[in-house]
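Both complexes below contain subunit A, partnered by subunit B and then by subunit C.
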Partner chain A sequence: MAFLTVSSPHAHGPLDTATVMRLVLLSTLPGVFALSYFFGFGTIINILWASALALGMEAAVLKVRKRPVGFYLNDGSALVTAVLLGIALPPASPWWLIAVGILFAIVFAKHLYGGMGYNPFNPAMVGYVVLLISFPVQMTSWLAPAGSFDGSLLGPIDAVMRVFSLGQVDAVTMATPLDVLKQNDSLLIKDLWADSTQFGSLAGVGWEWANVGFLAGGLYLLYRRVFTWHAPVSMLVALFVMSALFYDGGSSASGGSPMFHLFSGATMLGAFFIVTDPVTSAVSNKGRIIYGACIGLLIYLIRAWGNYPDAVAFAVLLMNFAAPLLDHYTQPRTYGHKTTPRKGEGE
Partner chain B sequence: MSDTNYRELSLNGLWKNNPAIVQLLGLCPLLAVTGSVVNAMGMALATVAVLIASSTSVSMIRGFVSDAVRLPAFVMIIAAAVTCIELLMQAFTYELFQILGIFLPLITTNCLILGRADAFACKNKVMPAMYDGMMMGLGFGAILILLGAVRELVGTGALFANMDLLFGEEARHWKVVFFEDYNQFLVAILPPGAFIVTGLIIAMKNVIDDGIKRREALRTAGTPKESRRVRVTGNVS
Partner chain C sequence: MRKIWDIHGGVHPPENKAQSLGRGIEPAGIPPQLIHPLSQHIGAPAAPVVEVGQRVLKGQMIAEAKGFVSVPVHAASSGTVVAIELREIPHPSGLSAPCVVIDTDGKDEWIDHSGVDDYSALDKPALLNLIRDAGIAGMGGAGFPSAVKLSTRDDAKIDTLIINGTECEPYITADDILMRERADQIIAGVKVLQHLIQPSEQTLIGVEDNKAEGIAALRAAAEGSSIEVVVFPTKYPSGGEKQLIQILTGREVPSGGLPADVGIVCQNIGTCVAIHRAVTHGEPLISRVTTVTGDACSAPGNFEVLLGTPVDYLLNLGGFHKEQCIRLVMGGPMMGFTLKDTSVPVVKTTNCLLAPTKKELPPPPPAQACIRCGMCAEACPASLLPQQMYWFARGKEYEKLEDHNLFDCIECGACSYACPSNIPLVQYYRASKSEIRKQQQEKVKSEHAKARFEARKERIEREDAEKEARRKARQEAAKKKATAGLDPVAAAQQKAAASDAGKDPAQAAIEKAMAKRSGNAPEESDDEKRARLQKAVTTAEKRLESASTKLEEARASDAANLGALQTAFDRMTEKLGQAKEELAQFLSAESQQTETQNNAADPAQAAIARAQAARASAAEQSPLEKAQQLVASLEKRLEKSEQKLQEAKAAGSDTADVLEKSTTTLRDKLESARGELAQRSDSEAPTEAVAATTDPAQLAIEKAMAAREAAANMSADEKAKKALESLESRVKKTREKLAEAEAGGADTVDVLRDTLAKLEEKLAAARDTAS
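Presenting the complex of A and B:
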């Protein structure tokens, strides 16, 4: 047995890409479980179909670009993109909708910009926004959550049949809580919640638990130091502050309570799985705080006064634009130097 | 400049120096009005006509305009040509005129037209200038129509809708539906689609150019490597 004598400082083995991606996939499980519990098997079928397409397209593009196919497929980044898109799409979306989304995510947003590590925009969010703009009808037909209607959820076979349009499957769709709040301006929130069955104790039935699930997964990733706390925390704080400022306590015109916003729509998924994307976010800690806060701000602005009920994808894409600028102005001070000298400043 | 190479002019306008996908001039109409074939075709016709008229007139007056005032003079000529085209379209294709809207008068500011006037027409005789204007216009128009066709096909699943706006009543049935029950793919018709498809067309041109270059290199390389040494036996094919 040989003992290596290594003197300090000891290098800490950093997580490699494949490990990080596996951890991320693992951490989506609680959220996916919650979504499936409340909305049926649709999300799981979404994820499976999206993953198969993503791996296929990734392999095809890598082949065309003459890159090592096995190496890049093994890093799992395509899989993460597929899983995130599969979660974000309405459960049991039509197969072609998912295919178009994955096409834009993997081919356009990722590989046309140079592939893994070079994409300025988050691929899953590009796919989502292309779909949201192109197919508003399909993208806003969320299934109704369990307990809010009389009937049963989609089983696995029904979900497959619905995704691939193999036959008539009855499924109840319902406006999401964010949508209901957006469409109603003249009620008291108390009455609105009493009228609509899709509201739960904190936010929407199912939605609150899905958000709790993604929060749990995100906290695990934070514990494993996959990302730092700066971006997600500042995003959630900004969203909380904005909704607290503009919430008047009761009318449906004012946009819902802070808790409602934190546990509705894609808030937690965005905060811990999208905003933390190492490729498309700002790099320095200070930059990440600004980056996250601006996303939180934008999410509230678009939710409250924009045209779309949820806004995580738009907010993230807008701030992806700004990330290089943030990096430029928040370069950390080099140890031993007073400030970072910039071109054209100082001597 | 006496013996103008017309072949070179055509090649330049249509392919090698194509205004839309190589010089990237006149992107505003290129991106804005190419949502369908008929819009693109209307725009292409108007641009070609303006380009021919302006190049010809600029070449005709090139001896009388001093360098200092040449740009204002060119713009006046172009604006006059655009006004004529606009009135013609208003008279004959009123609905298309309304659809193209502000982008028709904006042809005046299309850098492609001023660019050709300043770079070519004011230094050449009338015939070459006219020919150059036509070829550049056709190159631009071809890309416009290609872009319109791709965007219409991807966006709506059909081609040649509403062609009666340009070709009269009998063109009403030219519409070809490729996919029944097609969900409109709105991104293709919206501005992002224009950028994406333009990028893809430029990429396609680069691929074709690369292919041509590679084949050219293969041909001019001619003799295989081993036989580039001093010929000893003489049977090199």
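Presenting the complex of A and C:
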């Protein structure tokens, strides 16, 4: 038997891309569980349907592009996109809405740009924004959380029937806390909270727990060193600082408390599962800090003064544009050099 | 506790060191055959000094160092040299290289050797020579000649001597076991280095904290000395020279610089032991400690092995199971290279033989797409951006790669280790580095070629322009002559002026002015005209003389412009002839006038006039005169030629042969001319020739003609051929020298390259002239 002739290094670290993706999927579980606990089975059906579509479309495109289908499906990236989009859409969204979203995420945002690793924009966020702009009604009809209305949450059967329009399913929809806050221009924050049962103790019934769930998953990924702390922490800090600056003592013009902003809407999902997407974010640690902070800033700007109640998707896409520029200006100083490569290039 | 610094990045691969630390250092014994590659170090290969069939003793030098960056090779045991031939050597390329092969006799008979009693009595050069003659090259893995590394410039202020006991590569324990068992030898070696380097501040031994036993032994041995053992956390690649320097001192070796630039000299622990043995016992480097490990070895351990021992002999001592081994690595799992088979020898840099099973180090899975996760950048100890460099490497954007400091990559493999997509990043960088180096070499080459091409183009253009100008001038002159029976003097001068256009502007201007003046000739007084014509002759003579000198010089030095000079010379001779003719015509006309005016008054004047008239036309010269002139000129030429020949012979010049030939020809000619003259003087009166021979103008013409004729003695073809041949042989010689210099990495490579380029240029030009 001949010995292998290969170039060093011969040892390889424990992490591979498929493992990373599996870890990411695993870490979404607490958040998904919280969402399902408070909003019913809708999110899980979303995720399952989106996953099936994503795998199918990914396989079809790979086949058209004449790439080894099994090899690329195995990396799990399509699945991660599908799960994130499934979580972001209102529970039990119509099947076609999900299909359009996945189409834009997988085919347009990912493969038309060259596939895994080449896409400049986060596929799940592209899918989400396309839907939000095209179908605002469906995209804003979020189900009411448990305890805020009389009646029961969607069970698995009901959820399937609602997703695929198989029959009349009763479901109560309700504006999300972020939406309510946005519409408010007369009540003090304190009164607003007292007025509505859905605000819960901190940032909205269900929402606060879903965010805690995603925070827990994110911390696990940090612990497993799947990504670094730089982007998520700087995003959260920027959002915190902005909301603290403009809290305005809880007046009727207030943008909401810092804790409200941190634990409502898609904040934690964005911080640990979207902002950390390696492909579309900045690569150096310094770049990641700027990238995360700008996203936090944009989220608050859009939430407080934009037209949309939540803003993670827009903020992330805007900063996706800026990532290559950040990379260019944040190159680290190489060992033995006095300046960074960028500063040295004019010489 | 001493402050230590952290390095950027790094990885923590499983250490796997315990397997080979179960036993102490065991002697590997004497294999039946030793294979000594002549190049086991960085630099020029050593040159064999033994012959096939010769008996050699243990420690005998079998190959000597060639050049400054080189070390000799010694026989590791006694025996007979059976071959000096190409054998496969342990090298990433898997290529073969010259080796001295020795069949051992088992007697292990030492050559006479003895150490130095008191090395502190030796001066630096002597000590360095001793280290170099012992064949010591860095034993940590790179194999750089230690003496070279230790010969710091006198003005380099070295404040810190660092001894590298990091051994950060997984699996390898050769340094660890040395620390445990031979700490006193290490310290003794460090003391030699201290004496040699005289570090002004500190001597540090850096060891990772996973070698507790070795650290304790070292500390015990270093007790009471100024040597400090510094312990720092285990992380790969802390043992890289640059990284260790940063960890221990916080200093960074500047990019492209040496540790000495920041006041540091760094040596490996194994090298210290080798230096100690060389200095104290006079033993050259003929053995080393090598780790044999990996799951395909049932008895892993460390062996004191003779250099040159075949790898399979050593592996068998470690209980090697070939069928279980998926790849055989010389070195560690991070930077080692794979061996194709087990027949290669252990060399000075062989710190480990790693024989892993498939489970242990599985074959690399296919690479997936880069997801820009940045784990490679996190791992890079040089703070590079491996993911960016990967894109550039794939896109062959070499300039950007260099902008991103590709050449600061130490190829430690941490990025590839960390990459979740299994991309062989280091391989991309290695390939790009070699591609860039290749391009740089080609660039230098093409720049030479470009310069050559442009010089040639310029010359051809110049020659074409000259040709064109001459052609036009001729045309014009012919036209003028044909249309208005113009003054032939003026025409000739115009022609001369035109032919010189662009070559000698000053001269051309003068000539032009003269031509203009000659247009006004009717208004000139006779005196003016005489003065002008005389001046023209003198000028032409002067120029012809200088041209002839130049021509001689060019011929002597085989210059490329010989042909051009020859043409110029011919033209000038022609011109001089014309000028003289004019002057003669004028003078004769004038003298006739004078004669008629002062007929009876001054007979002397009349006589002069007659003489002048007689001399006036070349056509009127008698054959006798001509013969006399010829003899005189030939004599002069012969004299000159002989003189030159002697000079050339004395200087060993290439032209000696040519000159000799021409001298002989001249001699023959002279003989025949003398014969002719004798015949003629019998039949003719000699009186008529007086004026002619004393005329200085005539003499100058003769001289010039002589020079020209000497040049013409050889046919143009012959000359060009000679020149070509000599150039070709010179180019060939220079090429050989250059190849030698390149192989040896000598300093003269650049100079030789320049010379070669120049010669090639000349050769090309000569070929052009020839064709």
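Keep this in mind: the second predicted complex is superposed on the first by the 327 of 347 C-alpha atoms of A that agree within 3 Å, B and C clash if a C-alpha of one lies under 4 Å from a C-alpha of the other, contacts with A are read in each partner's own complex, and residues count from 1 in each chain.
Heads up, the rule we're going with is that contacts are C-beta pairs under 8 Å (C-beta built on N, C-alpha and C of every residue); 3 or more make two chains touch, one makes a residue touch a chain.
Being a predicted model, the structure only gives us computed values, none of them experimental.
When both complexes are overlaid on chain A, the residue A:F108 reaches subunit B alone and has no touch with subunit C. Once the two complexes are laid over each other on the shared chain, residue contacts for A:R333 go to subunit C alone; subunit B is not touched.
In the superposition on chain A, the chain among subunit B and subunit C reaching more residues of subunit A is C. In the superposition on chain A, A:K66 makes contact with neither subunit B nor subunit C. When the two complexes are overlaid on their common chain A, residue A:T19 makes contact with subunit C while staying clear of subunit B.
Of all residues in subunit A, those touching subunit B in their complex are 100, 108, 112, 130, 133-135, 138.
Looking at the complex, you find that subunit B touches subunit A at residues 183-188, 190, 192, 196, 199.
The residues of subunit A lying in touch with subunit C in their complex are 1-13, 15-17, 19-20, 71, 75, 77, 115-118, 227-228, 278-279, 281, 283-284, 327, 331-337, 341, 344-345. Every residue of subunit C that touches subunit A in the complex is listed here, in rising order: 8, 11, 13-14, 92, 94, 170, 242, 246, 252-257, 322-323, 325-329, 331, 333-341, 354, 356, 361, 363-366, 368-375, 377-378, 381-385, 387-388, 403-405, 408, 411, 413-414, 416-422, 424, 426-427, 430.
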